[in-house]
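Each of the next two complexes has subunit A plus one other chain: subunit B in the first, subunit C in the second.
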Partner chain A sequence: MTYKRHLKTALTRYVCQRTGIIALFLIANLLLPPGPGWGEGAAYAAEFRVGLENAPKTLDPRYATDAYGMRITQHLIFDTLVTLGYDLQIEPSLATRWETPDDTTYIFHLKDGVTFHDGTPFTAEDVKFTFEHLMDETTKSPFAGTYKGKISRIEVLDPKTIKFVLTQPVASFLTSIILPVLPRHIIEGGQDFPTTLIGTGPFKFVSQSPTDLRFEANKKYWEDPPGCDRIIFKVVKDENTRFLKMKKEEIDLLVNALSSDKIKFFASGALHKAYQVIEEPGISYNYLAFNMADEKMKDNTLRQAIAHGIDVDEIIKYKLAGHAIRARGLLSPVNWFSEPDVPVMVYDPEKARQLLDKAGYKDPDGDGPRTRLTVEMKTSNNAEITAIARIIQAQLLKIGIHMDLKSYEWGTFYGDIKSGNFQMTSMRWVGVTEPDFYYDLFHSSQVPPAGRNRGRYINARVDDLVQQGRVTLDPDARKRIYSKIQTIVAGELPYISLWHLNNVSVVHRRVKNYRQHPMAGFFSFKDIRVE
Partner chain B sequence: MFQSKWTYIGAVIIAVFALAAIFAPWLAPYNPYDMRLAEQLSLPTLEHFMGQDANGVDIFSRLMHGARISLSVGVIVVLISGTIGITMGLVSGYYGGWPDTILMRLVDILMAFPGLLLAIALVSVLGPNILNVVIALTVLGWVSFARLVRGQVLSVKEREYIQAARTSGQSDARIMVVHIFPNILSPVIVQATFSVAGVIIAESSLSFLGLGAPPGTPSWGAMLSEGKQVILEAPHVSIFPGLAIMLVVMAFNFLGDGLRDRFDPKSTIN
Partner chain C sequence: MLLYIIRRLLLLIFVLFGVVTLVFMLIHMIPGDPVDIMLGDHAIAADRKLLTENLGLNQPIHLQYASYMAGILRGNLGISIHSKRPVTDEILERFPASVELMFGAMVVALIMALPLGIISALKPYGIIDNSSMLISFLGISIPNFWLGPLLIILFSIQLDWLPINERGGIEHLILPSITLGTAMAAMLSRMIRASLLEVLNEEYVRNARAKGLPERKVILKHALRNALIPVITIIGLQVGVLLSGAIITEAIFDWPGLGSLLLDAIYSRNYPLVQGCILFIATIYVLVNLLTDLTYAWVDPRVRLE
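Here is the complex of A and B:
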């Protein structure tokens, strides 16, 4: 008992002391004026704070292939020879103009007065080095394949003029060279490039940690200097935490990083006073893919039945709260090459049932619980993709198809898809601008491991057309070719087109001049002013 | 029979959940797969008294069907792992020597792993489905039974009645099954009760991480995980499955406490 009493007294004393300390601390907090270091909410005037869902895998532009890595390297730290404008058309950047004396030669005239962050002038030698370095096998850049076999040689005509000679006409050449120009003197000189990241871009790299990335304005930028002094990217993986940080006004901008359930809080009410929502059509593409080599799935009638059994509009309306538009094909309507007049499989359960009858999958018991057939759908364990797949599962059940839904962690899932061990899957392509992507997806030579024709779609006519599309330089003729491809693919249904997600930016009203790009990139960051 | 009323409360809660699980297809007011997207995230009403989830499915109906998974996984894993663990413990304790050394080192190795991490690793390798969850949790579960039973056997096997049985020429197997096992049953039952609670939490954790039942299957852990996405705007989607897990686990612990107080001569109640 004595021991217990001692313990109780000691505990009481300890709690009282601690409570006293906490109370004193709270009072001091109330009395002292809040300084800039007090809490994350207090921001510097010209500091622009952007929330990210994930940290970029790398900021080394030779290896950055993830969306955030590419956006930061291409739009902030470095510049590219040409760029894609807000209408997705090629625009000048470091190259002020270019000419094509013949189908396989491009001569670029470079901008004067451009320097790297360390003051070294930018010249044609840097451009030549960049592409030769990327193609060099020892660099092991994932971009090497883009140029190998296409670029025959690169010649520096003078410090501000460079010539690319190609092995054959390449219609997508200008799009393919949108990659950061590297500093030759740093990399060849053996200086530390991956941690200094010296470029010509509007922002200089300052520091990187797993939770934030910091950049400062390049005051000597060749265009107008940036409108804000600093950019801080805050990596916040959990969506609820991102939302709460926005609520506390600790983040100025989120691009495509909030679900529709959360966006609505910024579209009206108290948060609408602090933030505005900018929503425009995007270029990502959600689809269902079939394995055309599968015994069941190679039947076009069955694929049509499935397409007619999925109510895409219902999913867009309720699950995506209208933040998407119905897709007719890989290319979003924003894209000049997109063909609007293609066959669309509208939701029609009755027609779907008739098609199933025609395909030989009769209803075994009318309204009874037995289904006509079972198909297997594999997805990654991404919560959003799985949630959508569950709705499709419920919709297909209404036309008598039992969809066996299996979700795996990414490695296993991706391995199965590449090796053709699936019947159906659902994925998303992001940043689709160049119609030559049809070659990667649907040419018979591109069945994995060679390419990305994971659905094993083989059609001689499509092979021929995508090949023509690659070498036809006249834009109108090229557009006609891709219109034909889009019409054939929409009818043959190797993919069921679902939707193009809109780009949705939630941006603080103190941020001025923010403009959303169809690729959801960071193009306008150099123009941003923070009040 | 039991000194604490909490034991009875635990038993009643378990009985209610067990009945709900068994008769879910008849008692549940709605089909747990029936999506009504237009009614997504609806708050509790008289028609749907726990509200509707992100797909407009009735949460109460899904909870009732989810009880089938949670309770059956709990009971099946404990039955299998108990059988394996008891056999291993009996052999190890009774024979001693090299079987004991090998089995107990195996137990040490398995106990050195953080339990849930090993289960996650196993399910990741085997593939996420309920059968593999049962396998993973069984691989982990038998260890505690083996260790407990071995200890009990060591203390019992030197008693006179075992000596007598041995002298009378009874086989080792008969001595273990007929004479030793009934005398060490009480702590095993207590252990089994607590284990069911542990397994239910583990199954929910794996489902929460997307490693349990296939997507769409009504499972408490998966429901909690789905609710997490919308916890700020629709907390009821995660509150009810959370409460269900808490209630069942608490009930098994109450029951386990009661059984231990009843069977363990060393335990006393103030």
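Here is the complex of A and C:
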């Protein structure tokens, strides 16, 4: 017993001493001055540090569907055959020029002297492989559906010439092939592609962790070699932390990642001295959608009343602090296909009330508290979206509509919208440049699960027009078709157009040659110089 | 003692079986489809169908459950839907960061709570006790998402002593640890005070004083050790909370821990990863509780584990 007791005391003492030592060590560490090399503020001269709101889901271009994943793959690691320029027009990239001998044939002439990061030359075989690989069922790429049934065959005419034969004329074909060209020798050769990510682009992939992604310049890039040696993406999820990192000048660029109440701090003082704010119209599109299959919502008069009851300009001016422009339709004014002359539902509460009377929703008690009707609006639980929905709720109350606002976590919300379990919703389209998107949104065959006609909008005339738009190759004829579509949709109101958010880049003044793309992409990173 | 440990470990199997089953059912029951979230708006119906089949999500739920269970029995937690990497790898990659933060918070909590608690108990309702009460109330009521940025503004921006965010050397650990540990320190200091006050009235303390032991020894050796049992219980329970529940702190400081991994997995309906994370956290929870029980016996020799 005593022996045991002794052992225990000895053990206790030993453990206590050890813990004491560890504690001392920790305290000593706390008191030590920070060692050299940890200060992020002291960046290398040619290092470009970009803040991201979240990490890209994957950098494998075959599977990357999120915005950051697509921007990094398309603009940094890889190249595409053609690309969308700053005016959203198709421009040459790996394909220097192309011709269309007939409506279903495209012949691309490829750039000479392009090599992958491992030194292997890029040829037409890589292009053929890329699209066949994406269409291959075993690849399980989400992009397979974009090409399947549209591309009938791909022929390599010579190492620098390739021919695509389509099953039918596809007006959006050139936009649809804007996807990274893959290295055939790596993937077919069974080498590890997802972790090496060998491409032809201006930057080579170096490493990835949950909080940062590193790239280095491809000095042998086929255009001028990049102006900065390294790009480091810092994933900073919390907006306050992002702002504080800017305050300490640890980030050189944030694109659309600060809210308007933070942006205003860059107008003066130390932040203004260090950073420049670049603001230009963007192409994202905020809208309210109706479920046209719903008993109440299918009434056009009611939809018009709601549209006249919402003061969009007020929301832009006060809630968005002017960082947006009023939208007239899906396509932003930057887009060549956008039709400026469509019916606009201006804010007019008096007219809205008259329309409600006409639709049979009489005011039950004049100035009293009772409302004419109740509609339900579902949104995701995104703070900005719900805040805006509450403003709309207050505006609609003035014309006698009680809007029942329900916010859900994204997965639940998205499921409800797709299954048609909603009356109204508020959402945003991002990155739409191709007018053919009207087919996905409003063609009667595109009701989910087939497509994205979530509001169940069905109109034979629109069906006919979006179908024509898909196969009409002459740009002017095509523009006329989409003008008609935009006019019809603006009058029938399956959507109420709200606004296009501006792209806002906050860029450090030591960064030169940064140019903002309407799609907020990383297009200009190859030209950037860091002083 | 050994028998006790073995019995507890056997019990662990049943607990984990229950956890896996419950989590499996809950995550599959909540609305939202991983395929939709994964493909976003790009995919057409054919792709969606293909991916659903590839992930085995088209099978009846009981078959999915059976195959998942079969995997677990073979030690295979499955493949994460997005990254296509083994779930075990993803978890183990984040685990060290979580453990580091947990220890940091624990050290902060103890450094603050022990002296505060002891002094408060020795001079109850004195100035120190009252101010420690105030500090504790503040500590519990200040939310992490406010305290975190405040600490950054003071220590990283104004004073420029510490880095703002990210995991790195020990200097990276300080602010997140304070953010996470403050609430626990507040709770612990009140706990230590109450428990010590109670013990100080015991006869053996009077006895120890009577036989002429120095006061320091009476407090630290005779009283404090007996007062620690409820404190250890709290610490044991907090380990689980700190490991998985540091989501806000992890978000503010971009700390790559388990909490944010789990949260992202839930948002993207990454079924295997959610299940794997919760199974892992539950295992740790149960093991730590076992360890807590074993510690009782060490702290208080009167406790017998049978």
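By definition in this document, the second predicted complex is superposed on the first by the 494 of 531 C-alpha atoms of A that agree within 3 Å, B and C clash if a C-alpha of one lies under 4 Å from a C-alpha of the other, contacts with A are read in each partner's own complex, and residues count from 1 in each chain.
Here is the rule we use: a residue touches a chain if its C-beta (ideal position, glycine included) is under 8 Å from a C-beta of that chain, and two chains touch if they have at least 3 such contacts.
Computed from a prediction, not measured in an experiment: that's the story for all the values here.
Undergrad: Quick check on the subunit A-based superposition: subunit B and subunit C, clash or fit?
TA: fit
Undergrad: Kindly classify A:Asn240 by the partners it touches after superposition: subunit B alone (first), subunit C alone (second), both, or neither?
TA: The answer is both, since A:Asn240 touches subunit B and subunit C.
Undergrad: Check the contacts made with subunit A and report whether subunit B or subunit C touches more of its residues.
TA: Result: the larger residue contact count on subunit A belongs to C.
Undergrad: A:Glu216 contacts which: subunit B (first), subunit C (second), both, neither?
TA: It touches nothing on subunit B or subunit C.
Undergrad: For A:Glu409, decide between first (touching subunit B), second (touching subunit C), both and neither.
TA: both
Undergrad: Which of the two partners, first being subunit B and second being subunit C, lies in contact with A:Lys248: first, second, both, or neither?
TA: second
Undergrad: In the overlaid three-chain picture, which partner chain does A:Glu132 touch, first (subunit B) or second (subunit C), both, or neither?
TA: After superposition on chain A, A:Glu132 lies in contact with neither partner.
Undergrad: Return first, second, both or neither, reflecting whether A:Asp103 touches subunit B, subunit C, both chains, or no partner chain.
TA: A:Asp103 contacts neither subunit B nor subunit C.
Undergrad: Upon superposition of the two complexes, what minimum C-alpha distance (Å) separates subunit B from subunit C?
TA: Value for subunit B versus subunit C, nearest C-alpha atoms: 5 Å.
Undergrad: Identify the residues of subunit A that lie in both the subunit B contact region and the subunit C contact region.
TA: In subunit A, residues 240, 244, 409, 412 are touched by subunit B and also by subunit C.
Undergrad: Enumerate the contact residues on subunit B facing subunit A in the complex.
TA: 33-35, 37-38, 40-41, 54-55, 124, 127-128, 210, 214-216, 225-226, 228-233
Undergrad: Which of the residues in subunit A end up touching subunit B in this complex?
TA: It comes out as residues 239-240, 243-244, 259, 261-262, 265, 314-315, 317-319, 379, 381, 383, 386-387, 389-391, 393-394, 397, 404-409, 412.
Undergrad: If we count contacts the way the header does, which residues on subunit A are in touch with subunit C in the complex?
TA: Residues 8, 12, 23, 26, 29-30, 34-35, 38-40, 57-58, 65-66, 137, 140-146, 148, 194, 209-212, 234-238, 240-241, 244-245, 247-248, 250, 409-412, 414-416, 418, 449-452.
Undergrad: Name, in rising order, each residue of subunit C that touches subunit A in their complex.
TA: Contacts found on subunit C: 30-33, 36-48, 50-51, 54, 82-84, 93-94, 107, 145, 149, 152-153, 156-157, 160-172, 174, 251-254, 256, 260, 267-269, 298, 301.
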